[in-house]
Every structure is written in structure tokens, then in C-alpha cells.
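Input: one structure, supplied below.
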Amino acid sequence: MSNSYGKLFRITTFGESHGAAVGVIVDGCPAGLEITTEEIQEALDRRRPGQSKITTPRKEEDRVTILSGVFEGKTLGTPIAMVVNNKDQASKDYSHIEHAFRPSHADYTYTAKYGLRDYRGGGRSSARETVARVAAGALAAKMLQQQGISIQAYVSQVGKIKLQKPYTELDLSQIDSNIVRCPDGATASRMIGLIEEVRDSLDTIGGVVSCVIKGVPVGLGEPVFDKLHAEMGKAMLSINAVKGFECGSGFEGVKMRGSEHNDQFYTDEEGNVHTRTNNSGGVQGGISNGQDIYFNVAFKPVATILQPQQTINDAGEDIELKGKGRHDPCVLPRAVPIVDAMAALVLADLMLRQKANKL
Amino acid sequence: MSNSYGKLFRITTFGESHGAAVGVIVDGCPAGLEITTEEIQEALDRRRPGQSKITTPRKEEDRVTILSGVFEGKTLGTPIAMVVNNKDQASKDYSHIEHAFRPSHADYTYTAKYGLRDYRGGGRSSARETVARVAAGALAAKMLQQQGISIQAYVSQVGKIKLQKPYTELDLSQIDSNIVRCPDGATASRMIGLIEEVRDSLDTIGGVVSCVIKGVPVGLGEPVFDKLHAEMGKAMLSINAVKGFECGSGFEGVKMRGSEHNDQFYTDEEGNVHTRTNNSGGVQGGISNGQDIYFNVAFKPVATILQPQQTINDAGEDIELKGKGRHDPCVLPRAVPIVDAMAALVLADLMLRQKANKL
Amino acid sequence: MSNSYGKLFRITTFGESHGAAVGVIVDGCPAGLEITTEEIQEALDRRRPGQSKITTPRKEEDRVTILSGVFEGKTLGTPIAMVVNNKDQASKDYSHIEHAFRPSHADYTYTAKYGLRDYRGGGRSSARETVARVAAGALAAKMLQQQGISIQAYVSQVGKIKLQKPYTELDLSQIDSNIVRCPDGATASRMIGLIEEVRDSLDTIGGVVSCVIKGVPVGLGEPVFDKLHAEMGKAMLSINAVKGFECGSGFEGVKMRGSEHNDQFYTDEEGNVHTRTNNSGGVQGGISNGQDIYFNVAFKPVATILQPQQTINDAGEDIELKGKGRHDPCVLPRAVPIVDAMAALVLADLMLRQKANKL
Amino acid sequence: MSNSYGKLFRITTFGESHGAAVGVIVDGCPAGLEITTEEIQEALDRRRPGQSKITTPRKEEDRVTILSGVFEGKTLGTPIAMVVNNKDQASKDYSHIEHAFRPSHADYTYTAKYGLRDYRGGGRSSARETVARVAAGALAAKMLQQQGISIQAYVSQVGKIKLQKPYTELDLSQIDSNIVRCPDGATASRMIGLIEEVRDSLDTIGGVVSCVIKGVPVGLGEPVFDKLHAEMGKAMLSINAVKGFECGSGFEGVKMRGSEHNDQFYTDEEGNVHTRTNNSGGVQGGISNGQDIYFNVAFKPVATILQPQQTINDAGEDIELKGKGRHDPCVLPRAVPIVDAMAALVLADLMLRQKANKL
């Protein structure tokens, strides 16, 4: 019972990976926002399988339909339902995993929790659920964009290959200039090479998505429990395969002294407040301070590998299992639009919550 | 509007650092749990200022009173209100910070968000709020303990001094054997030395708290948004000064290949399911798998330093500011019971939520 | 932002009356419940337009499709999405109401609240939204039925024609034996006659639905704000056209003395506790006491009448308006399954909440 | 687990009738609202026992203390905790009800639900909990008053004595001019006489509180489930002893034809929209339409009577029980400020929610 995210800009997703459809209801999107199906589709196309040689070669179109809440091109203030039908998978054979508990997948825990599971391709635990998040996130991003807020996620690490430059030295307009979505061309080439190598050895690899958000007004984030970075952390950690989140100076910051780490305030010539450094990552006391928000999200390697693995079945017996079909050797390039989407959903919600703090 | 945490085991905290009191209402604690004021007090005593030479020397007793919800030694199923009075601070002088925006504090963001703030010692943004969390957490921990669940947080890093051993090689019963709460004596000594050095140079330092949870039954955690580690991450990131969270293999895990990272299942002689490794950190698909849960929490250096700093006041003018009074040079030792408390609150809530998944 | 009902058995509905579809996501239905599309359809068929001469003659099939959450005939514990497509209304002409504010409809208030509205047939404010509730309610009712709980709503008043017998003297198996859904044949005939007379005079009429719930275990209902009858009242008052709710002795009970009104407890031969009277309507202190729950729901006359009415348009100008098309002269017969559905949703939620009160 | 009301202006109450204290946390009150302890106390004084010869003669001062959230006379935007200590009742003897299940009280249902109860004077199920609501409601009312909204509840019926005039013919400034809080002097005298007669016969009597709200802007109320009158109904039904709620034409309206019941719109000379009648009670489609909101709330007779009654104890044995001490013969006069408070809390919440509907 937690298929919803957000308090005021609230999404509820549904769908198993091989059921009839996946989709989402967005409740709380303000009325009067202009939105088209094409804008939603564009975001989905960045997440779509089969988009490059380093993603799964599965071809899925993932066409979205808006069922409600939009009238004559504008949101009505009523719930916006969006659906993406799954392609007919009826013919496909899942008998090899029907009783297996795949290592580092959710087969075992879902079965233990619910007493049964849809074993076809991961069912509800599949990352296919994120289709719904990306559709909803596109709506949120449109709303934020009209408030001058931009969200830009990119791949900053694949395996041990790590982009050494801070985001301030990158040209973020180049994120989509290569298939791995790393804005630094040279690093991107090395990442692509690594992913190909990993794929050819029938293995998978993890990485880090970094995200930069510009234009956030001062004052978003609700202390004490729903701090901006706490909500952001939860949203990111709820994405499949995510194992870590850090904001601003993060884990590196623990090594610093207060005198180095503190962000000194100053006023510019127009009277606007800034900080000389931004170790805070744009958030102080859980509230945005007007500086760029930036954070990192750690993704583990994809659990499905095309090599034989030892595991057990639901009778507790030892079995050997081998991944079948077409899978991503590295989830990072396709994770970028998902991070974008969740960041948009967090901010859209906090923006509406901030409205409600005032008379 | 976010002074509550938890959906079913739900706490709501109140109080400014220099107001009349801080406290909490716990709503949803099941009836019939035996609890005494002493058990709550014990947890508060681990968090209390003035407990050692490396914490703030402020002496605060932090005596808790239970106002409701407990009758003849047992919880009633009704809300449990607990209050800790603040010592009279009336005489104290806060005029030096009344108009100042202290670097890396929440003065600026609170003022921007709310239009005014209680400037006395941080007000609501002060870590004094965590008194309420620790009191509530003690109640949650008691409930969990009766279900066989134990939570053990400890300091694993201060500045660059990092405990190199994994938790499995540590004797966690030794956490409270030294004032820094690191279960490895030799490392603890070095940490204490570093904190003293930092304190003597009028500076502060950050660090990492690690946490190990044993005895969690299979099945806790609510997919898709309220995954166990997503809830845990949010709870930790909501603690003052926290900038990062990682579960299981975390940021290190991104460097691994799937074939190394996957946790292979096996059945032991009693028919219980285990994994040979635990890179998952006890959570798969957002649901506990019965293995130990472990995670790391990164704390930035304390923002209040006793050196002069450049900043601005609420008129936007440049000022020089110097911390006054008695402050922690390193928050880590006192953060341990706070991490314990939040972990207990997360699990208590997920445990009740799992009850509701069944008929 | 309130298109959801329920805390643990939680529904979120979507859809405008003349949009593409109406539907619902049910989040929190326990896993393992057997359910078929036919069982859902059966409930929808009781609500369907065109079912008798005293309802609107519009023919709508209202075929439901389950998109997720059910696998091999059982619920998965994941969200259950259900959709009913609207028939193509594209050709229809709504220009006569595009700018009109129909009396006692929501045209004016929606426009004021949201700045725009879907004017086609009421849009989101149409009672067509209750299709989604009835579908979700059928699922809840199935769950309750397996726990021995039955819900039986019926029409007890139309205009001034009021069923004089208390429910204990009625044969509730006869509810569907006539088209007005009043279990007393003679009264039903008079009600039908009145509705026909009203319809022929191009007018509409209100009435009361009564509801009896048997088999509710002791202990459901969450004090202090989510008392069983408070939740039930809210759920009923959220149905289109409802203006009143009373439980047990209700408005009549205010005339009684405590000595008459109090329900005396006794223990039967099997040791079960009962009350000799049931003025409490099965609820004491907000919690079910094991006796029958009963309540009344008042529905105003349908606002759409086929007579000319004076009103204004969205420019504030006086206009004359006349209802077009095919409408219900009295909503009561079709309201019965909606009351059933909402009652089931309330109890399903409270049943899961009660699980979470215990360790 | 439902000791909270409101989504954005959210209160959480605590306290048993004979525990240490009752109190409330208000989370979400906007910052900058001027409020004094005296304003809160004034509302509590209207609810206080011992205020007249027709209420319980118990003398309780019910002095409120604000523990947090208010600084230099203004709200901070942080949680506002308010506490009222209970007078020491330690010496009092409750042994006669320790094991008894009092008729039409919550003793039986609380014991069944929670497995134990605080038997001293009703514990959590006592109407003493409404102290907390009245304190919070005073804060909400202050906020509403600054927006031009006034709430006026009054007693319109005691037993069979019913005020025949509609509210539009009453002088609502006279509500507090007599001890029964009925604005019509002649009817008030008859009501007082009846209550005295009932009291002298050791019995109790029920009644109706009516409430009129003026100045509500168009647009409050969240369709579809959190309609203004649905939220209001729930709030009223959550008050101890309430058995019914009706808004606008209510149960009488069911007898009307649509052509009579519909509220015709017109535009006045200043261009403001009004309706010629107000059968809708100021709410259409769940949203306020700018007309007066009015509703009725039915209270059953007080369950505690000073006559002997037959009932059972917690061993299931027949016992005779007689009320002791000082109790209200009729709860209506003291219910007026509680209805005021709950109405204010509902509207304050909906007002903040409406802010969040807009960009």
C-alpha cells in the first residue's frame, strides 16, 4: 500500500510488467496548465528500451494515452490518468522463473510478503513501473519549467569510470549528445566502451547519476521530516536498483572541517543573497536557499545476468538459473529520465506545499 | 507542515530550542506494550549534552514526562504524549544573532520561508528537536525488541579516520564502551584525539554513523514508493546535518559487476533461506529479506564554529559573526542514539503496515 | 486534490463524464483475494443507466476492464486498476450549457475554483464518477463477505412516501425484487407511481436510502476523529446529491431521554455480548459493538429538470435554460449500489486499520 | 490511530480524562498570525464545566498553556503545542466502574478493541478530549476571522422543543445572552426549563446544534471525496454523542421537487453572483458557492444517568449500575463551542488546501 508519491501533487501508479498496462493517476496538478500528449511521449522516449546499442534491444513503443483531466489542451484540476499498454507477451515463456527466486531480485521477498507473485518478468517489482513515473514527471516538469526551474540529470559514473569535473565545469546541454548521457564526450566514450565490454562478457555494471536543479526559489522544503533533500532522497531510493543518495558535499563532506564546509553568505549588486561556496547543495535546514540543488544517486549493477547462477526455488531446493531474453547491461542511460522525473515530482509537490504555508 | 513521521506508528514533534518545551505525540502505538518513563529516559541520556569531554559541556538534564496514553504501566492504544521542558534560557543573550544569517544554518531559509523566525539558538531548526525523536524512538525500540529486532548504530568515521572493518567483524556490544561510540577501541581513541584537536582549534568535523539491524522478519517494506531503504533514507536525511545515505553496498557497489554483486540464495539445514553475501543490505525490491539490514549515514561538520566568519544580516549587509557559548565540535557521538531512534520508528511503522497487508 | 478515499484500503478515481474513460486504482487490497471481472460487472449493472422505466433511458453498457493487480484470478497485493470506457459522445451538442451556470449544479463552483471546467455533461462533477466507486466497492464487498459481513442498502423514502417499518421487520432479500429497490412491495409500488408522476411533469424528486450492515466484528472504527460513523458519514456525504446522514437513532434520538435511549448490555447463553435495544446503530465511542450497523442517507432531488429555469451565464448575464436529453427523475434506485459500495469501502479500510492496531 | 484531523491545517490531540493532561499539536498553521493565550482561553471558557446551573457543577478551570510555535505574539509556522492540565483526581474512586460496561458508553468497545482501557471517567473516550479541539479551533477561528469568515453555532432544539425560525430570522448576536445558547429568548427559557426538569428526574436529554457560517469565499472544498459538507459532516460526527448531520435542506429537502429545490442564480448590481434560495446550504458540487453555509448536528442524550441501570461487567455477568458524581443533564450548551471549533478547523484546512490548487 504505497503506490502513491506526493502529498499535494500526488501520483499513484499501477501495473505489472507483463500485465495489460502500466499507468498513473496524477491528483493535484493545478488547473490551467497547458500540456500535450506529445510532451509526455517525449519524456517516455528517453526512457524507452531499444534506443541504443548499450540498452536492451527490446523494441517497445510505450505510447501514452491521456484518459482524463485534460480538456482542450489544459489541465482541469481533476485527476489526470495516463496509460501505456504493454505489448502482448502472452506467447512468451516464463516457466523457467515461475518457481525460481532469482538472486538480488524481488522474487523471494514478494512471495514472502504477499503469498504469491506475478512471476512474468518481475511483475510489479520490474522497473517497467517507472514508465508511469516518467509520464507523471513530464507533467510536473512542465509545471516547474513555467516557474523557471530546470532539472538536468546525467550519468557521472559507470563502474570505476568517474567524471572528475564538478557540474559547474560541464556543458549540461550536451547530456543527450551521446547514448550514455554523460555530458563530457571523452568520458562518455570510455563509459560506452566499458558497457559494451561488460555486455559482451554477459555481465552488468552499476554507476551514478548526478542531478543539477537550477532556478528553485528560496523556501521550498518542509521541516522537520519532509526536508527537501529527505524527500528527494526517498524519491531516488525508491527507484529500482538505487542503493545510495547524497546531496551537496555528501559523503566527501564528512572529512571537512566546519570552517571549510560552511557556505558564506553575500549579497550581490541587485540585492540578491548568494553563498560563495555550495557545500550545502542548495538546501539549508531542509529548505532551498536559492542556490543550485545537486545530488548523486548510486545504482547497483543490474541483477539479471546472462550467466548461470546458483540459487533456490520456492520449494527451497538448489537450482541453477540463467537469464534469458534481452536485458540492459547497464541501467544508467535509461535511469537519467527517471531521476529527472522523480526530481520533478518532488519539487512540484514541495512547491504546492509551500503555497499552503501562506495565507 | 511536516512535523510528523510514519503512517501507522506516527509521531508528531513540537518545540523550539529555547521555547518552553520540546515533545512528541506518538499515535498508533499498539495497546498493551509495557513501558516505563525510565526506559524512555535511558535513551534520552545517551543523547544528552554534557555527557563527555568531546560533546558540548552544556548541562541539560532533559527529564521526560509522559502525559497520556500509558496506564498502569501499559500503553492504551491512545496517543502517547511526552514532554521535556527546556531550562529557562530567558536571561541569555541572543542579540548577536537576532538579525544575522549564520553560514550553513537555517536562519536565512526559515526567514525566507516563514517571514519570521525564533532566532534564539536555532529555534525549530535546532537539533534539540531530536529529543522528541529519541523519546518516541525508545518506545518503538521497545516494541521491536519484543519482536526480536535489535538496532545498533555506531560511529564508523570521523573526518578521515575511518573504521576499516565491516560490521561483521566488530563486537557491537562495545559501542558504548567509549565516549565516541565506535566499537573498535583503537579507532575510537584516534577519533577522540581528532575531535579534541578540532575542538581546540575552534573548529568542527563531520563523520559517518553506521547502523546494523538484526532480526527483521522477511516482508517489511512497502513497494513501490515506501521501500524499506527509501523510508530509512528519508528518516536519516531528515536528521540535522545529514548529507548522505547508503544501504548495503551503496556507492561502492556501483563499481561491481552483477556477477559479483548478486546475493546468491541458499537454504540452511532448518529450511531457512539465506544469502551467501549481503550486498543488498537486507533489502530486495524494497522489502526485507531476513538478512541483516545495514546502512551508512553521512553527517557534515557542525555549522557553529567559534571562529569569526563573514556573512550577512537580514538587511543584506556584510557582517562578521563569531559563535558563542558551548557547542559540539563533532555531532557524531550524540547522533548515534538519534539514528537508533529513527531506525526504530521506520521499522515500527513498516511492521504495522505489513499487518494491514493481510486479512 | 481529494480523489482518494481510504487510508489503507485506498481508492483513487479519475474521469470526466464525457472524457475517454472513468476508472479507479485500488491500492491496499490484500493479496490472495479471489475476484473476477464478472463480480465487478455485476455491481456495475445495478448502477447502470437504462435499467428500468424509472431511471434515465440512456443505454450505457459500462463494461469494466481490470488492467492490473489480479493474476490467475487472485489479487496480487499490488494496485488494482479498473477502467470503464465512456461511449463516444463526440457528436453530441453541449453548446447550450458551455457558458451556462445550471442551478444547483457545480458549474459555477468548479469554474470559480479551477478557472475552467469540462462543461460536457457535468465533467468531473457528474455522478458518472460513481462508476469507479461501485467497481472498487465490489472488490471491498468481496473481501468483507469472506469475513461474514453483508451490506444491504435500500430505498426507504421517495418524496413524502416513507417506509414506516424499521429494518428489522423487512425482508431484505426483496430489495431487488422491484425497480425502485424498496423491500416492501406495497410501498415500492407507491414510490414507483410517484416517480412516474414526477417524471411526467418534467420534474424530479428526492428520497432516502437506508443501509443495514450485519456481521461486523466488535472493534472496527478509529477514535477519535475516524470514528466508524464519522467515516461512514463522510463517505455518504461525498456521494453526489447527498445532503444528510444519520446513524442509529439519528435526528429522532435527540427527543429521547437517556434512560430510554441507552442500550442495555446483556450476555446470551453462548457468552456473547448484545444490547437489548440498538439506538446506537451498532457504534459506541466510534467503534463497532457487534450489533447491526444502520444509517440513513438523504438525497436531494436531481438538479437537472426538463423545464425552463432562470439562471446566469459565465458573463453574469441572465439566461433561461432548459434541460435536454435523458435524465433520472429520481436518483434513488441507482443510488442503492453506490451506498453499498461506499459502505464496503469504509469497512474494508477500517478492517485493515484494526489489523494495524495490534502486534 | 486517528487522533489527527486535517490535511494541511492539521491537529493531533492527546489525553485521557483523568490522566495528567489533555492537549493538542497544531501543525500547518501559517506563520505570522497574531494570537494570545487569552484568545484561546476565551474559547475554552465557553466549553468549561460549571459555567451555569444547567451544566455539570464540576469546577474545572481548564487553563491552557502554549508550549511552542508562538514567538513574540505571532505564530512561527512551526507546530503549536497547547496543554491543559487535568486537576488531580487521584483521590477519586472509580472502582464502581472499573469492571463495568456502562450502557451506551465506550467501555465495552474500547476494551474489545484495545484489550484494556483507562476506566477512570471514560479515559480517552470522554468528551474531555474536546478541550484540545476547542483550543485548536480558537486558533483556526482567528485565522478565518482575518479572512472575513464568521462561524456561529447555537442550540436550535432540546428534546422536542425546537426553534421554529430559520436562522435568517434570528439575531445571532444573542447566542450567548442565555445559558442554553439559543438566540431566541422565549425558546431558550423553555429549553432551560426542560433541562432542569430532566436533571431533577435524574435523566438526560438530547438536542440539535445549528451552525451558520458567513463570509466563506467561493471555491473551498475538494471534490470528489473531500467535499466541503462531507468534511464538515465527518468533523461533526466525530464529536462525542453526535448521531446525525444535515447540510442545507437536509432530510427535509428529500420531499421537495427539483423545481422547488433548485437555487436560481442571479447577479447583483455590483456583479456578484448570488442564489435566490439557499437549499444547497452554501455548497454545490462539494464546493462553497459564496452563500451562507448552514447545517444541523444531532446530539443524543448523555449516556451517564444518575438512575440505576442493568448492564454487564467485563466477566459478562449481570450487574446494576448507577451514575455517580456531577454530570451534564444536557450536553447542548457546552457543545456549541465544540461545533464552532470543528467548523473552524474544517474551513481552515480547506482554505489552505485551496491555496495549493493554484500556481
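Odds and ends about this structure:
Every chain is named by a letter (A, B, C and D) in the order it is written, and numbering of its residues begins at 1.
By definition in this document, contacts are C-beta pairs under 8 Å (C-beta built on N, C-alpha and C of every residue); 3 or more make two chains touch, one makes a residue touch a chain.
Fair warning: this is a prediction, and the values are worked out from it, not measured in the lab.
Farthest chain from chain A (centres taken as the mean of C-alpha atoms): D. Across A-B and B-C, the chain pair carrying more C-beta contacts is A-B.
When the contact pairs of A-C are matched by residue number against C-D, B-D or A-D, more than half turn up again in B-D. A straight line joining the Cα centres of chain B and chain D is 39 Å long. Chain A and chain D have centres, each the mean of its CA atoms, that are 46 Å apart. If each chain is reduced to the centroid of its CA atoms, chain A and chain B end up 26 Å from each other.
Taking each chain's centre as the mean of its C-alpha atoms, chain B lies 46 Å from chain C. Annotation for chain B: residues touching 2 or more other chains are 1-4, 8, 13, 28, 31-32, 77-78, 113-114, 124, 223, 353, 356-357.
For chain C in complex with chain A, the residues that touch the partner chain are 1-4, 8, 10, 12-16, 19-23, 25, 27-28, 31-32, 65-69, 71, 74, 76-81, 83, 113-118, 123-124.
Contacts from chain C toward chain D in the complex involve residues 1-5, 13, 101, 103-106, 108-110, 112-114, 124-125, 129, 157, 159-160, 198, 203-208, 218-219, 221-227, 229-231, 233-235, 237-238, 243-251, 253-267, 271, 273, 275, 279-281, 284-290, 296, 298-305, 307, 309-312, 316-318, 353-354, 356-357. Partner chain B is touched in their complex by these residues of chain C: 8, 28, 30-33, 77-78, 143, 146-147, 223, 352-353, 355-359.
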